[in-house]
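Order of writing sets the labels: A, B and C. Residues in every chain begin at 1.
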Amino acid sequence: VGAPVFQSDRIYESTPPGVIMGLAWTSMGGSSLYIESVLESSLTPKSQPHLSKTGQLGDVMKESTSIAYTFAKSLMATRFPKNKFFEKARVHLHCPAGATPKDGPSAGVTMVTSMVSLALNRPVSSNIAMTGEITVTGRVLKIGGLKEKTIAAKRSKIDTILFPKDNLSDWEELPDHIKEGMTGIPVEYYEDVYKVCFPDVSKEDAENVW
Amino acid sequence: VGAPVFQSDRIYESTPPGVIMGLAWTSMGGSSLYIESVLESSLTPKSQPHLSKTGQLGDVMKESTSIAYTFAKSLMATRFPKNKFFEKARVHLHCPAGATPKDGPSAGVTMVTSMVSLALNRPVSSNIAMTGEITVTGRVLKIGGLKEKTIAAKRSKIDTILFPKDNLSDWEELPDHIKEGMTGIPVEYYEDVYKVCFPDVSKEDAENVW
Amino acid sequence: VGAPVFQSDRIYESTPPGVIMGLAWTSMGGSSLYIESVLESSLTPKSQPHLSKTGQLGDVMKESTSIAYTFAKSLMATRFPKNKFFEKARVHLHCPAGATPKDGPSAGVTMVTSMVSLALNRPVSSNIAMTGEITVTGRVLKIGGLKEKTIAAKRSKIDTILFPKDNLSDWEELPDHIKEGMTGIPVEYYEDVYKVCFPDVSKEDAENVW
């Protein structure tokens, strides 16, 4: 935990709608891991929904993308039934860098947030990073490497980190010098993530985006 | 059968429609294994039926999903012909955790129940867990590891376990301290599962869900 | 040929339409092998024909399913031109048990019978088992392991076994204690199978099923 730890791997100063910072963890330590969702082609009355995935994603992470897509669609359909984004949109989800193989389920909540952010055409605060596996019903499951991820978030100038409630004891065991200046928010269901990331979205706004 | 055995791996206190607890068995012992089915996008007059599968399912388990899908559709078509759910629904079946490879046919009855629960928009009691291979006609076939699965169910606070009738002798041989507080229900056809899981569904209710 | 030989692997006491007992043969001996065909979704004016296959079928057996499907369709079109089942039906053919890999062409006649039984919505007597490769014109070809298959049929309480006429000498060489209580019927064309399995189907009945 020396000097290079606080070197940022942040590639966005402020993030546009659809871009969310997740956190990865390898044997080499933690790092930020952006999820980017964009609209592939413009929405037309005839366009058909589709999801493309790039970024050298492994099998688990590809499935995780599908799970996130399903959950994001159901969240929008439930909350904002008149927002027809996902009925028409060709979404392309990319996870830079393009040559780095990535795998694992722990970017699930980040993917959901990326897609919901795009569907609402709203950016999420670029001071927030998050980690957590998502199930298809929106339950957030435990992840590994919370310590390394928190360090990575910190060096990327993040001040708020969302992590699975099932990792709460890991959070509590982190040394104070790591947690200093960081707000940790445990999340059990995606609902908890939504409230933090999209605090002021009115139904009217959300249903008149596209 | 020491202390950690009764540590729960239950991720849902109460389960929404479409979420059912199955039971898995590995060389490391038994564990609960949820099957989650959700609607991927809202039902519209133009929507086309589809089934997606995620959860690092092996070949046998993927086929098992198709078999369960076919049987769930035929059950609904036979019992509740006016329930048009499966003629329109894009169903996404997921089996968390997303990074754990899973295989084998013994989640068949759990998958059927998950899909029927979704089609009826009815939760199943979260005190029930089940295991059994399903054939495409609804016959429930023998599984392995009933002892380990029963222990797993018990530590997940399950009080009712459905298992294949062909495993009845395995059940009878289980020590009393394992079966204590558990009701074991042998099932030969899916019909037997249906009666336990959906005891009070009227035809009228079932046909006016969606 | 000791005691366990007569232990039944029969999973159906009586078989519904679409379920037929075939016979398999491995280095470990013979066993019954059910072929189950069901309708995946109800017939509607707009439904499109399709065939799904499950049961860990090898390449040869998958091709065999396609051959059987073609022949079953041509049989129905020739005999009962007003029966439009195969023009609309999504058929799902499964071969339990789901985790057991299976291969080889010798379930051909069983597959045809399963599909024809479904198309006619008529069960076949559950005392009949059969084995034989089918060609796309309905010719029944020689199979291996008739002795082991006959023993398996017997222990499953079958009293009538249909086998390829090209295996007649194998049948004649079987010891009397195996054949005792069994009727062996050599078949050369599928026509011969049809007569035994569907003895009393009138054209009128067959054309007014669906």
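Note that in this section a contact is a pair of C-beta atoms (placed from the backbone, for glycine too) under 8 Å apart; a residue touches a chain by one contact, two chains touch by 3 or more.
Please read these numbers as outputs of a predicted model, since none were measured by experiment.
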Exercise for review: Please report how far chain A has to rotate so that its Cα atoms sit on those of chain B, a copy of the same sequence, as a value between 0 and 180° in steps of 5.
Suggested key: 60
Study note, to complete from the structure: Note, CA centroid farthest from chain C's centroid sits on chain A
Exercise for review: Averaging only over C-alpha atoms, locate the centres of chain A and chain B and give their separation in whole Å.
Suggested key: 30
Review point. Between chain A and chain C, what is the separation of their C-alpha centroids in Å?
Key: 52
Study note, to complete from the structure: Residues of chain B that touch at least two other chains are none
**Study point:** In the complex with chain B, residue positions of chain C that touch it
**Key:** 11-12, 16, 18-19, 34, 36-42, 52, 54-56, 92-94, 96-99
Revision key, fill the gap. The answer for chain A against chain B in the complex is residues 49, 59-60, 63-64, 66-67, 70-71, 73-74, 77, 81, 86-87, 104-105, 108, 133, 135-137, 139, 141
